[in-house]
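Some structures to go through are shown next.
Same chain, two partners: chain A is paired with chain B first, then with chain C.
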Partner chain A sequence: MTDRTTTLTAEDLEKELAAYLSEKTKTEVGPADDVFASGLVSSMFAMQLVVHLESTYDVAIIGPELKIDNFRTAQVMAALVLRLSDEAGDA
Partner chain B sequence: MPETAVLDDRALIGDLIGDRAEEWDLTGELPVGLLRDLGARGLLCAEVPEAFGGLGLDSRESGELTAYVGSLCSSTRSIMTSHGMAAWMVSRFGDRAQRKGYLTELTSGQLAAVGFSEPGAGSDLGAMRTEIRRDGDDVVVTGEKKWVTGARYADQLMILGRMGEAGGVVAVPVTAPGVELVPISTPVLGCRAAGHWHVRLNEVRLPADHLLGGGGQDLSMLFTTALAYGRISVAWGCTGIVRACLRAATEHAREREQFGKPIGEHQLVARHLADLLVAEQVATRVCEHASAAWQSFSPDMVIATVLAKHVSAGHAADAAATAVQVLGSAGATDGHVVARAYRDAKLMELIEGSNEICQLILAGHALSQPQGTRS
Partner chain C sequence: MTLVKCLVWDLDNTLWQGTLLEDGDVRLPDEVRAVIVELDSRGILQSVASKNDHDLAWKKLEELGVAEYFLVPRIGWGRKSDAVMGIARDLQFALSTVAFVDDTPTERAEVNYHAPEVRCYTEQDVLSLIGLPEFSPEVVTVDARRRREMYRANALRTEEQESFDGPDEDFLRSLDLVMEIRRADDDDLSRVEELTLRTSQMNATGVHYPDRVLRGLLADPAHEVLTITLTDRFGPHGAVGVLLLERHPGVWRLKLLATSCRVVAFGAGTVLLNWLVDQAAQAGVHLAADFRPTDRNRMMEIAYRFAGFTQDPCVCLAGIGDPAGGDVQCLHLVTARREGPATMRLLSPDLTVATSI
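So, the complex of A and B:
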């Protein structure tokens, strides 16, 4: 799965995550749409997003990364995944 | 982990607890040496990876172990739930050094409890008052926590509090200046030996590395994540209660004779036994379903866990009432396995999300599903 993140661009990731959010919320969600502000989802869903990102992209989301702001939009989630993948690669 | 090792663990737990649960229920206290022994063997948080001194069990193996302890003694199982939740919080929220440090302690005989509820805040996180404040190289905790399972025996308290708009979890040693443990003097309804005490935190000042992951996490995410472990643990523990009730009722119905035959052959009693068997199967399957979601990192794990907790707790409460009915006066003395089950199971319908809170979550899930699906 690490191979996937190294070949995926931010744009690919954003599209993939927007599609995932659309599927889960049964609503058309664009890359920059804030699913928490729109009331589409609750904090219960945030934990599912954590699990989804960790299992799909082989990253560990811990400590201060665990805040709603990291999961609001497909764009910020994509940035989080890329950042955590880079950090894991550097370690 | 090999199957035989799990069987060895069960045999060991069976020996350690044996038939002493009744005595512990009556005196309202667990032998702390037993808890430290279980902890040092990694049995109180069995999912912690072996690299940190744990057993590295998967969710289902750990669940079956929890159910086994729950079938013997729900007070000990409550300690397992709290201690396991503390370890899970360290794994999820802690940084690398904290994970290594605390998880090693929690598999070495040190005991941990978790502080959520407050005088004015149960399910309503918005009402939480406990404050965690950074002050230079220190962190300062002030507040009050109620009904902290295992606080009586704990070395460390994982305290959830607010940090401005966000939240945090601080590992507070009970020996830290400003920590006050307040016993509940009246015997509690269930899990009487689980050491539920109140905790007061009066400007407790600690080095900042006691704040898991540096704090500042989302309060509701902290709460939901921590509770997910508590809920699946309680769910399996309730399955254990149902198993104990099934066993006690069938043994009694086989041996006790009235009107010239074992009471299990009287149809109205037989129906109770069928109900107990159904309860045991349903509770087991719903827990297995939730554990499978944990093991596959499925996005459905949160809802599957709430479902398992709600279904298992309800079946445990019903099964306990049924078992008391079948045993009659034989099970109606305090401390008896079915009498304990009756009190313990009722408590399980209140904690880690009451029946009503679970129903609200499940109803919300049902409403969020598009028409024509049933996932």
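So, the complex of A and C:
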């Protein structure tokens, strides 16, 4: 496996994603902050978010995995990425 | 025949009679004024490329009461071909959709040399332009008639967005967005048809509903045909969405939801879906949505999924029949009340009361 997620811990991922969210929303976003709670996010941003995770971490997020609860915070996104790349590795 | 989307006018002895800097006074014949107004009403944009003193010429256009018809004018001493190409670039039109009218053969030749795709006309053609097929679109929609206003508003909006560095949500709030959802009437239908044809990216089912079919559904109490328009403090965005809903006991089936790519960044799709979910919750019904994944409508899938739609089975789906076609999925949602949008004002009908027009 050359996938870079194998060398990233959940904590690294969370930090990376929180930084990404902060940059995109132009507000300080912590690892546990819910970016969807404020209704702050447009469908355009949701799209960007999905595409960002897929292209940066080489995962495919399809069907049932596209639920909002998988994207609320940097923490749950990190968990999603790790789980999906594990599943891809096992297959 | 490629339709002309923008006509660029020379001024001296073309738009008006006389040479402004020599004669001081120039005259705009009523027949030419009528051509300007008619082209505008057909949704053909107009601009100016004139070798003149900018301030004087623009002041004269204002005095003559026609300045408002001309977008991104180029009045100065540069080459006409540069002016025409600059106008096309500003309006984001291909040169093959731009026309140029000038009384001077040299100017027409110069434009033709550098931009051969641009169609050139002489001052003698002016009064007959409105009879030419390339200036005669078959259908003139409500939006076409307001196209000039929409372009102007869009230019201002882009300028402001580029100079804005706060959070996007704050920018959206600063726009004073108003979304109006209404039950479509006859007048709205040509705009609806244009939308279902044009906005492939956000058309959830990819099923086109021709004018005839939609008219039939207007009269059908089991269906709701809704159109969505968006306005902000810069002006109208025009018709930006269409929604077709079929009522069943216990569930409403969303057969068509198309929104214009132009307003995706404003979160229009999400606002619309949330409103519909809330209406269904008030009516005590579930929602079902036809969805055919294509390589271009992934944003729509994300909008549905993020709104809570799943492919889980539900007893409510037994009575609604098969989806529109073989590869069309049925997405389903158990509805609950939702809060209204934070970024825009919403004007909407009450769907819990069924009416037919």
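The rule is simple: the second predicted complex is superposed on the first by the 89 of 91 C-alpha atoms of A that agree within 3 Å, B and C clash if a C-alpha of one lies under 4 Å from a C-alpha of the other, contacts with A are read in each partner's own complex, and residues count from 1 in each chain.
The definition used in the following text is that a residue touches a chain if its C-beta (ideal position, glycine included) is under 8 Å from a C-beta of that chain, and two chains touch if they have at least 3 such contacts.
Remember, it's a predicted structure, so these values are computed and weren't measured experimentally.
On the superposed chain A, the positions of chain B and chain C overlap enough to count as a clash. Touch criterion met: A:27 reaches chain C, while chain B stays clear of it. With both structures placed on the common chain, the touch criterion links A:54 to chain B but leaves chain C unconnected. When the two complexes are superposed via chain A, 199-207 is the only one of 181-189, 199-207 or 343-351 in chain C with C-alpha atoms clashing against chain B. The contact surfaces that chain B and chain C form on chain A in the two complexes overlap at residues 26, 42-47, 50, 63-64, 66-68. Those residues of chain A that touch chain B in the complex are listed here as 24, 26, 42-52, 54-55, 62-64, 66-68. Residues of chain A touching chain C in their complex: 25-27, 36, 38-47, 50, 63-64, 66-68, 71.
For chain B in complex with chain A, the touching residues are 92-95, 166, 212-218, 220-225, 228, 296-303, 361, 364, 368, 370. Across the complex, chain C meets chain A through its residues 165-169, 172, 264-270, 298-299, 301-303, 305-308, 310-311, 339, 341-343.
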